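Okay, so chain A shows up in both of these, paired with chain B first and chain C after.
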Partner chain A sequence: MTEMRRLDIAGGVAGLRAAGDQARGFLGTDPVTQNDALLGSELTRIGAQVYGHGDTLLGYLPNVDQPRQAYLASTSSDPDALRLFTAFLGTYQRCTSYVATVPADSVAVGAFDACGFRRIGMLRDHQYRSGRYHDVVMFFATGEDVCRS
Partner chain B sequence: MMLRGYRDSDRALLTGYWLPGELVGRPVADRPPLAEPTTVTPPADPTTEMCVVPGTAFVRFTDLDWVNRRARLETGLRPEAVDDGEVLLKSAVSHGFRVLNLHRVYGWVTPACGVPVAALRDAGFQLEATVPDAIWLDGRPVERQLWGAVRHD
Partner chain C sequence: MSFVTVRHFTEADIPIRTELLRESRFAANLTDFAVVAADDALVANQMRTIHSEHRVKRIFTLCGPRDQVVGFAWITSIDWRSQTCELSFGILPRYRGYYGAPAVAAAHTYVRDELNMRVTVNQVLAHNTMMHSADALAAQRKVTCAYDSYTVGEWRSACYWTETDEDFQAMRARLDDRRRELAERIRAMKHPS
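Showing the complex of A and B:
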């Protein structure tokens, strides 16, 4: 079984860089338009934590207004990695609900759909890339929703 | 309503009994007397733009993203100026679109505090998402809405 490992900022930046297009929008960052220094300072500024599970990168950001809620990000369509990550956060960070903002055409949409997340909204023109603005889907799930999926 | 840049002498405007990060920051009714007021930090880095209406309110554009040309907007009104919320919102959106040249402005609204829906719609905002359990209020997590305004060039 693949283990989940926490990456330091440099490791997280390297992972995002390697993931390329699949990491665009990862906790609001964009490895295509941001260089390593900017990615690192942005991850530090927002207080993000990056974890690796096989080839998948998973991101966690606490909601400062509600410490039991976490913002999540993933770079793959693998629901198992996401399910494992939410179980990990539920156990070690006491998170009870999860929110994710994912570009509408990202591969990660499949992972959130398969993990019991439901779509709670669409942020219009939230991301600019490839010469035009794109919408971003917002997902939500409680810990029980993910367990049931 | 004319916005001007933040100065250190405006610091008193940055503390009040509104919820943190609120798009229309009006003082919360029935707030426990021992609850700490919310304090907004003065701008310290390029990801924040702050303006004030002297003696009335602050307007903060935070999470400024120049690639995606977007920012999260929050405001905070003094208790005696709550009726100016609608005008302030329009001025803030105008500042974001015309002065900062943003494409998108968005912000959090907490329905439990009373949503000034008409004011939001008049300022060009639309409801985009409703996030359950997004903020702690009155001893329980309550839902929060994301409202966004997009500039169509």
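Showing the complex of A and C:
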């Protein structure tokens, strides 16, 4: 649990900037189209928290309508970082279920697939970048799903 | 692959852009407000754009192959819903000519491919031949607006035209043709038959 470190807004922005393309769509942000000031104000506005685990950035956003549910984001394909993060959120934020919207061609898709998340939908042509519209995958998992994976 | 890259304008770029805004050809050909503005006002103006004007104005830094700053592009009159904006350029004096066309192409590509703009509006003062020849300007303009701006002691007319995706692709093709022609000419000079 101690391997997960909370980043302040400036640290989160610097991490997203460094992650570049892998951070596109991270909790709805985009370092390619948003400058540091806008990234910071967006993370603040939506109430996002950014954590670091090794080279991976992980994002947490509480669902205000269901406080035990969290929206998640990751910048890497590492399932261990994501598994550790959900355990961390289960322990410290009492989260019991998780939702993520991940660009279909993002490296993070692999992490969610390998971590017990189910693909519960596909948002067609949902996100515009690099000259065309891209699909976005919706993932869902309970804490138990992730533990079993 | 363009050798000019586009990145977000940062606080570190402000002194370079401020110097450009006060450069004599820029003042005559675009706007001369910076000549009579105080340093702190110009800095505050650009800081405001970086921090809080994202919906209405954005500035981008255009960089050469060694990441050196070659100029700036900025979008204004942004209509996010209709996907249109006005796109403007300022190239640093020492990079004009060689970097002008690739810088314009790189900024257009970014605005279309990442910001999802479909139509850009161009406004160029009629006497400004820094980026366009007088003939090209006359051929492209759809509207001429007399007394559009007053710069460096004179009233200036402005030429306006819009650029769609198709127009942009045609412009890129012309640019590529010109580059190919130039490369062939250089090759012929190195290896005369």
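Note that the second predicted complex is superposed on the first by the 147 of 149 C-alpha atoms of A that agree within 3 Å, B and C clash if a C-alpha of one lies under 4 Å from a C-alpha of the other, contacts with A are read in each partner's own complex, and residues count from 1 in each chain.
FYI, contacts are C-beta pairs under 8 Å (C-beta built on N, C-alpha and C of every residue); 3 or more make two chains touch, one makes a residue touch a chain.
In this text, all values refer to a predicted model and were calculated from it rather than measured experimentally.
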Exercise. After superposition on the shared chain, which partner residues are touched by A:Thr33: those of chain B (first), chain C (second), both, or neither?
Worked result: both
For this session: Answer with first, second, both or neither: which of chain B and chain C does A:Phe88 touch in the superposed model?
Result: neither
For this session: Quick one: name whichever of chain B and chain C touches more residues of chain A.
Result: B
Exercise. After lining up the shared chain so the two structures overlap, which partner does A:Phe140 touch, if you call chain B first and chain C second: first, second, both or neither?
Worked result: first
For this session: For A:Tyr71, decide between first (touching chain B), second (touching chain C), both and neither.
Result: neither
For this session: For A:Val99, select first, second, both or neither according to whether it touches chain B, chain C, the two together, or no partner.
Result: first
Exercise. Which holds for A:Arg124: it touches chain B only (first), chain C only (second), both, or neither?
Worked result: first
Seminar exercise, completed: Check: chain A residues flagged as touching chain B and also chain C 33-34, 128
Exercise. In the complex of these two chains, what residues of chain A are touching chain B?
Worked result: 28, 30, 33-34, 45, 63-66, 68-69, 96-97, 99, 120-128, 133, 138, 140
Problem set entry | In the complex with chain A, residue positions of chain B that touch it | 19-21, 45, 47, 63, 65, 67-70, 103-104, 106, 126-136, 141, 146, 148, 150
Problem set entry | chain C residues within the chain A interface of the complex | 8-10, 50-52, 54, 58, 112-116
For this session: Going by the contact rule at the top, pick out the chain A residues touching chain C in the complex.
Result: 32-38, 128-131
